[in-house]
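Look for subunit A in each of the two complexes below; its partner is subunit B in the first and subunit C in the second.
Now for the complex of A and B:
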């Protein structure tokens, strides 16, 4: 019998959909005078549902990226435009909190339960995984370059060669390894496969959804009334 | 016992030159014939780059279905011809564990990785849970551990567990023990032996560390050089493994490179002072202190995942201790160049267009490079692209490039993995050459699991362990007379 695993994680499909909604709505609302209320409301909601670790992780990114975008906008635009650019980054950051909390395997299993073809769900998983692998590989290659005593400042051409050739080779090698590994581990687009755990909706998901959608509806109403 | 696998006139070539007839083509092997009965445990061995992995990949269908090659002949699995069957069809009967486990991991959690193949073959959740628990207890891995933080050996165990979970009756394992400590390797070999003896599993295991595998196998398939000039290798089958003896006589005498005049008051080059280091929730080092003096030759030993490579990275400064400090004259940026660090995977360190360019880049003296070229037999491949070489050749080239710089301190991370005895001998001779050239004040710190090489790689041993007390120092100045250097170097430690 399939058992539904008790976790504190919100359902991955809900997180994916809400993350998209939050970003799109955020972009619509950036020019509203109450945009900061929008950010504060959802930040409080996320804190209530224990997303604080991810929020802390994202703050440096939002600050840095927001400042860069604001500064770039300021070159050709007004102070107000720069503020809007920062708001857009804030909206992206809010959406990022939800999307980054999705555990890839949970998303794959939830998509499988919705009968989404396995090549799509697994493709999505590998794309997510590849970003992480890419980051690790870059770190290792930079370490290897340092070990051969090559510096970008003194020999930029050699440094670029030492960076891009191993990076290309590693990416190709990892892609080939992953493809072979998938085939030899029985992955097939023809078979639906089974699921180790069932990702189902829990009471926590319902409470989160009700609160999230209520807040979003209120802001949508404010936005429409303003127009 | 019925026949599990039969190979009939199997030939392999990567020679795609147009207009060549079969007679003129260069073949990796030609017209191989053998039968393997159910329950056989076979060791496939031979020199680096001789075609062991290719033979395994032909049986599981990776060649020619995923990697292009000219293949002739037929393969029968349980009496059915599978020559034209794709990999996913053959996977129903054949399980494969490949080299480079790092490249095959998809998920970020150990348990998810192990259950993934079981999900693919439609196992029930309950059965998956049972198998998962059994495999976790067999490998000693933690279900919630992050795959990115596993050591090389732990990743190899993980991939082996994934394959065993699928339950195919024919298992192909391509150097699964390469990064494993002796205890883990023996545990895996015992499990495979049990599966083969009691449940009729057919196991084909490719490995260089013959002395480790030999007691468990029924037959040895030895890849030897072919007499036909158009064919690179052929198989010699020894039906009775007991009559097969591994040849380690060519290794240099450890005493021949024993140091004679290391100063008793040599200056410390690395003083590790009460460091703590954690990976996630795991404490790898807790109040750990250690001193390396100039001219020391240390070998770091220990179980998989106990922090051997991390210790090298801490010494080099790639990672910083959570608490405590490492005092060294090499902490200064300009002195870092005087450290040579040979990584486990040579692919990261090779990027020049020709082998020759790679060797001479940053080389201290052309004469030393020429000596290394002769020693490693690179004469005929100097114009080749480094990445076109076999894995063993790349490893030797990566090693030669680093020592050509004549570093004052040398870090070697599993330098002999995947090398045959000849390759290992070349590597040890190169180290001796480096010492001859630059005197006895070279400091070498090596991480190794290779029982063949450990006695030759150093004369002081640091044993790391997960267990309490997790750290032991073993200073042994006596040259080893047997396979292990001292009684304190237990097999558990290696």
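Now for the complex of A and C:
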């Protein structure tokens, strides 16, 4: 039986759409004098909905990236341009809080419920999962190369050969194994799948959506009025 | 006979293309700071050309079906959508244009030159969408984005050259693996 679990997570599709809205609108509002209010308002909203851990994780990135962007802009531009560059990074950071809080498996389940073709949801899940697996693989291959005393600086052709051939062989064997395992479980790209968990809209999603859209509408109104 | 044909993708194809996408994103990872800090158009495509072309050409040599590069573009775009929403359009249009052009000339991927052209021009074809997105989202004019025209032309030509070099290396790796019976 499908269960609609009561969790603290906001619906993944809502998070994805709101993240896009927040980023695009943020870029539009960058030159407005009240941009800092835009950042503060949505930061407070995110804190209310318990995104604080992700916000803390993103703060160092936003600070470092903001400073780099600001400094680079300052080379050719004015202080004002540098400030706008930092504001753009803040807009990216705000959107990142929402999009990075999405659990891949929840997104895939929600996409399946929306009747998105299964090859897209399957592919997306594989890419997200396998980035970490291949990071480990790459580390192992590089360690093996170092053990054999091959250095990129002295023999770049040999190093590249020793790196890319084992990596490609691993890609082939991993994808072969995964495809066989999926096929033996009856997975096909044209059949409808089932899910252990239904991602449904909860009261929390509704409250978040209302507050989010209200705030966004207020800022859009200010922008259109030319404030 | 050369003809355009569309073949359905099997689970095996989708899984391999997804794995190729994961490796492409990892290979391009070290160049991400350049992409994120560049204020002018061109350095992004230049930095991404080699890793993107190298890995995607291996994917196209294995899955020689029309639409393979577009699938890689959709997968990488969807993952990047979670980090920077504009990147989705970048990846999607880049793969669409380069694959479209390669298939227009060569009809299918049986010809090695089609793989070379499709994956080699992927990064270069992200330039138009980057320009359009910058105009729409940041209000930057084309001349503002280009800056010095000579530098821009050098970056664009560099993106094509590095892309083609990457695709050639990818083809060479695929040849070796084919000889060894791994592909």
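Assume the second predicted complex is superposed on the first by the 168 of 227 C-alpha atoms of A that agree within 3 Å, B and C clash if a C-alpha of one lies under 4 Å from a C-alpha of the other, contacts with A are read in each partner's own complex, and residues count from 1 in each chain.
FYI, a contact is a pair of C-beta atoms (placed from the backbone, for glycine too) under 8 Å apart; a residue touches a chain by one contact, two chains touch by 3 or more.
This structure is a prediction, so every number in the text was calculated from the model and none was measured.
> Classify the contacts of A:136 with the two partner chains as first (subunit B alone), second (subunit C alone), both, or neither.
The answer is first: A:136 touches subunit B but not subunit C.
> A:186 contacts which: subunit B (first), subunit C (second), both, neither?
So A:186 only meets subunit B here.
> Between subunit B (first) and subunit C (second), which does A:165 come into contact with in this model arrangement: first, second, both, or neither?
both
> Given the touch rule stated above, what does A:100 touch, subunit B (first), subunit C (second), both, or neither?
Touch partner of A:100: subunit C, not subunit B.
> According to the stated criteria, A:78 is in contact with first (subunit B), second (subunit C), both, or neither; which is it?
Neither partner.
> Quick one: is A:155 in contact with subunit B, with subunit C, with both, or with neither? Answer first, second, both or neither.
The answer is neither, since A:155 touches no partner chain.
> Who does A:178 touch here: subunit B (first), subunit C (second), both, or neither?
Once the two structures are laid over each other on A, A:178 reaches both partners.
> With both complexes overlaid on chain A, does A:127 touch subunit B (first), subunit C (second), both or neither?
Only subunit C; A:127 stays clear of subunit B.
> Going by the contact definition given at the top, which residues of subunit A touch subunit B in one complex and subunit C in the other?
126, 165, 169, 174, 176, 178-179, 182-183, 187-188
> State the interface residues of subunit A toward subunit B in the complex, per the touch definition above.
Against subunit B, subunit A makes touches at 1-3, 103-105, 125-126, 129, 132, 136, 140-141, 143-144, 146-149, 161-162, 165-166, 169-170, 173-174, 176-188, 191-197.
> Where on subunit C does subunit A make contact in their complex?
Touching subunit A from subunit C are residues 9-12, 14-23, 25-26, 36-37, 39, 54, 58, 62, 71, 74-76, 78-79, 81-86, 137-138, 169, 173-174, 176-177, 182-183.
> Given the complex with subunit A, which residues does subunit B contribute to the contact?
It comes out as residues 60, 62, 66, 86-88, 91-92, 95-96, 98, 100, 103-104, 106-109, 112, 115-126, 128-129, 148, 162-163, 166, 318, 336-337, 339-341, 343, 347-352, 361-362, 387, 401-402, 405.
> Which bits of subunit A are touching subunit C when the two form their complex?
Of all residues in subunit A, those touching subunit C are 16, 19-20, 23-24, 27-28, 30, 65, 68-69, 72-73, 76, 85, 88, 92, 95-96, 99-100, 102, 119-120, 122-124, 126-128, 130-131, 133-135, 138, 160, 164-165, 167-169, 171-172, 174-176, 178-179, 182-183, 187-189.
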